[in-house]
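Shared between the two complexes below is chain A, which has chain B as its partner in the first and chain C in the second.
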Partner chain A sequence: MSLQILINALVNAALIAPPAMAFSLLFGILRFPNFAIGGYITVGAFAAYTLNVPLGLPLPLATAGAMAFTGLVVWLAHVLVFKPMEGQSAVTLLVVSIAVTLILESVIRLFYSADVRGFDIPLQRPYRIGEMRITKEQIEIIVLAVAMGTGLHLLLRYTRIGRAMRAVADNPMLASIRGVDAARVTTFTTVLCGAIFGLTGVFAGLDLVIEPLVGWNLTIPIFAAAILGGIGSPYGAILGAIVLGLAEELTILVLPSTYKIGVGFVIIAVLLLVRPQGLFGTVEIKK
Partner chain B sequence: MSAYLISMTTYAGFFMILALALNLQWGLTGMVNFGIAGFYALGAYASGLLSAKAGWPLGLSIPAAVAVGLVAGGLVALLSMRLREDFLAIVTLGVGEMIRLVVLNEDQITEGPRGLRIDAQPFRDLVGQENYAIFYLCFVALFVAVTYAICERIRTGPMGRTLRAIREDDVVAGVLGKDVFRHRVQIFAIGGGFMGLAGALYAHYTQNISPEVFMPMVAMFIWMSVIVGGAGNNRGLLIGAGTVIMFLEGTRFIGDVIPSLDAEKMSALRIIIIGLLLIVTIRLRPRGLLPEPKFTYEPRKDAGKPARSPT
Partner chain C sequence: MPEPILSVAGLRSGYGRTVICDDISLSVAAGRITCIIGPNGAGKSTLLKTIAGVIRPMAGSVRVGGVEIAGELAAQVARSGMAYVPQEANIFRALTTHENLAMGGWIDESRTKDARDKVYAMFPDLAPLAKVPAGNLSGGQRQMVAFGMALMLEPRVLLLDEPSAGLSPLMVAQMFETVRRVNSEGVAILMVEQNAVQGLKSAHEGIVMASGRIVLQKPAKDLLTSADVSELYLGSRT
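The block that comes next holds the complex of A and B.
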């Protein structure tokens, strides 16, 4: 029983950690909590579904397609909506990003009904290790999430574009003085984050179900993980995701499971009150 | 059709009170509140439960709803004043969602998803059945007018100047000797009170309230009203709330023109239109339809003379 909780928490964390890292990266460039990520994840899930079920592509190919498509959507949203609004306050942008999620969700509802869907994959018995059970898909999610985290780490640490991304997130003015092409970095970041959200959509489709609200329901846990780890710190986001995953699973033991969505909020609230910079973030200097 | 128009306008009234309250908190003082749906729910359930289950008369239960909103607003403000505005957004959204979750789960008291039935309606016996819809519209309009008057009074008075100063730079306001903390808590509480009032009016209008009405979507629509109308301008956001309701409800008639759309697709299309409305408005008019008027200082005619003769 208790080890099963650990496994569930791990799967939860694997689902939340990559988009929390992507959220942190996007925050570094746009500097507002982007609620549009819910819509992006839903787009990813439905893109993969469309390629996988009606078009009959194998799931790995469909996943790649979904990542590319979501990358495109995130880039388009940036160019058409967020970039022209650069001078607006963070709160206005936040409201706009919720509107973007609502629009994306509604466009999907317009073309697909609200039915619950799943990918075309053979049903398998979960593996049993002693008392614990874990499905093949859950193992894949964990492995891919770890690979994703490692890949992002290598990218940020050792490549030219990764260094440029960190520079722009740190201090855009200084980065541009030093000759970093901020526009190119922004484009790269949006497409990269879009691909991660697309992958998350596929994960969500594998572990949960594919429905228009799938992204919205993940948004708050993702925020909670990112804030827990310290916004703007992609590595903190991984640990934040693990803590959150554990907290959510432990709540079910004492409270009705309908309260599970509340856990993310409570964690955010308590943490922000006690330690506004997150567990690992550094204090941000205002102005 | 005319009955529909009356109900649409009544809903616009609830939205206007909520929008005025949010403008007090955000437009004037710069405090973010995404928990509007929660305060709205608190007011609705406070008055609804007190009248339906405890048997209080409406003359007491509606003021009680306002009081609950006031206290809740004050508490949230006390807890979260230290936060940066975008984090405050997430925390208040969380407060709103937690209120909804509690209402949903504690169904021995609130009836949860089954919905709470409320029979009491203000002045029901005095006004006949056939005129009641019109009467209630006027009743709501009266409260909108009162709320508007109070908000305008706050905005144009000395307190309004202090609040704008806090919004622009709280450090400067503090250095000038204004009690920033007290003002913020006060305004957040007053806003919460108005939201509670809107909730109570809504509860006795529909007579059946259930948690799914109080989704975060409500907060979204009120924010859109304020941003589209023009933050900081009370007249502008009355127009904003009217516009949002018009797009939200009026677009139901698209279904008559394009019959191939079912209810599910229609509601999706409505949300798309509302979302685009927000984005297009911000692109074309970044400060809203009616922007906040620039503050000008007009010295009074008798300026320079001492207010009271020194004798």
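The block that comes next holds the complex of A and C.
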């Protein structure tokens, strides 16, 4: 196995890990697999593109703006779509979340067409270390993903709101009995996760291309990483993303790269058969 | 009898349109233990959930220290000086013992450190388990965490839903000893208990519920010696 495969796997994992953590956090709080994440990521990519290319803002500022805008969109989707449907089954909400993705993508297609776009950043040769090559953007993605993972860890472990997020995800009724305002925790979580999806949109624009399906194409790998790590476990999602990234890159050694996306489906299928609770999930025993 | 710290009058509640308990009136005096017994399906747990704000009442009044709280959400009821320990799912499994206790003091974290020290003093077995996720503890240890969490804000009234459920006979004895110890510090306790004999032995007052209504309210020792109650709810004679 060449070092290049490891680097590619790391970049893949860095692209998938933050949204997989956010997906798990959202699942913990809202109790359904939210497939609208594809649409949210696409919104993030196009928001950053709009700020960076037509409006001419530098990419770091455009990224911050895209994170804030996507946070707002995710919060609005929660308030206007998912909150009014509280009490519906997880399957119903899952289907509705797919509809939200389709609506967001259609709106983007209406304004931006289906053309492929990119950020206004100077073209640079990749860095070479022996046989290994890595671009400046890929290094930025890895560094930012590690910073995001560390930041989330610190937030969840050492802050009051982080403890409340874990408590509401663990036992929402008891959290309420102990005086936690679950609605405020949900609002904070949706905006935070929205910002992470916005950042993922920027990552996707840097490593892939910006087009209306950019988020949808990442949805299955993100979902696979989240259930690989144990759905609802943000830390497991990081490990799930690393395993998935490596598995996808190793697939290229034996199959054409077009089959890469199938790896996520295979992992989901195998896990559901062998260990449905994922690597870090726990089995819930019902009395 | 001292002034009631908890007064319930004409309470009706249930799920959806189904009425589970109706016309419930009771009071718990400061520093006293009241035990509610009755057959399965009598509405005992539903009553406790309604008082705690987990279920919204359809009618009636709930007062803590003279302040009306009926219809308030559980998160607001938690600020009234009353703490509720549910029968099941009464801990945060993924949080450590230390973090669980901190969640008990969520409303006023300025008191958390002192309150946590008091809880560890009351349950010395919990101190070495401070960093252990509560989901990994034994049934008795979990019940201590649940109890400790409820005591973090030094409540005036404690609502306990079947505190002895699922515990070994030795742990049941320890649990009722804990109930009496907490009460001896002035905390009024309203508890629902399937273990009617042990529950009534620990209590000052007893209430018998059946089919969603209160059918008897007497001093606990009178219920323990009542032939009817003994035959119906206490199994063999005490």
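By our rule, the second predicted complex is superposed on the first by the 283 of 287 C-alpha atoms of A that agree within 3 Å, B and C clash if a C-alpha of one lies under 4 Å from a C-alpha of the other, contacts with A are read in each partner's own complex, and residues count from 1 in each chain.
Definition applied: contacts are C-beta pairs under 8 Å (C-beta built on N, C-alpha and C of every residue); 3 or more make two chains touch, one makes a residue touch a chain.
Keep in mind it's a predicted model, so treat the numbers as computed, not measured.
Colleague: Given the superposition on chain A, are chain B and chain C in a clash or a fit?
Modeller: Fit: chain B and chain C sit side by side once superposed on chain A.
Colleague: Going by the touch definition up top, name the partner, chain B or chain C, that contacts more of chain A.
Modeller: Looking at chain B versus chain C, the one contacting more residues of chain A is B.
Colleague: Is A:Ala90 contacted by the first partner chain B, the second partner chain C, both or neither?
Modeller: A:Ala90: touches chain B, not chain C.
Colleague: I'd like to know which partner A:Leu273 touches here: chain B for first, chain C for second, both or neither.
Modeller: Only chain B; A:Leu273 stays clear of chain C.
Colleague: Just checking: does A:Arg163 make contact with chain B only, chain C only, both, or neither of them? Give me first, second, both or neither.
Modeller: Second partner only, chain C.
Colleague: Hey, in the superposed model, what angle do you get at chain A between chain B and chain C, Cα centres, nearest 10 degrees?
Modeller: Rounded to the nearest ten degrees, it is 90.
Colleague: Who does A:Val143 touch here: chain B (first), chain C (second), both, or neither?
Modeller: A:Val143 sits against neither chain B nor chain C.
Colleague: Which partner chains sit in contact with A:Ser176 here, chain B, chain C, both or neither? Use first/second/both/neither.
Modeller: second
Colleague: Between chain B and chain C, what minimal C-alpha to C-alpha distance in angstrom results from the superposition?
Modeller: 17
Colleague: Where on chain A do the contacts with chain B and the contacts with chain C coincide?
Modeller: In chain A, nothing is touched by chain B and also by chain C.
Colleague: For chain B, which residues count as touching chain A in their complex?
Modeller: Touch residues, chain B against chain A: 26, 32, 79-80, 82-87, 89-91, 93-95, 97-98, 101, 104-105, 217, 220, 223-224, 227, 264-265, 267-269, 271-272, 274-276, 278-279, 282-283, 286.
Colleague: What part of chain A is in contact with chain B in the complex they form?
Modeller: Interface residues on the chain A side: 32-33, 81, 84-85, 87-88, 90-92, 94-96, 98-100, 102-103, 105-107, 109-110, 113-114, 220, 223, 227, 256, 258-259, 261-262, 264-266, 268-269, 272-273, 276.
Colleague: Which stretch or stretches of chain A touch chain C in the complex?
Modeller: For this pair, the touching residues of chain A are 160, 163-164, 166-167, 169-171, 173-182, 282, 287.
Colleague: Residues of chain C touching chain A in their complex?
Modeller: Chain C reaches chain A through residues 52-54, 73-75, 78-79, 84, 86, 88-95, 99, 102-104, 106-107, 109, 135, 149.
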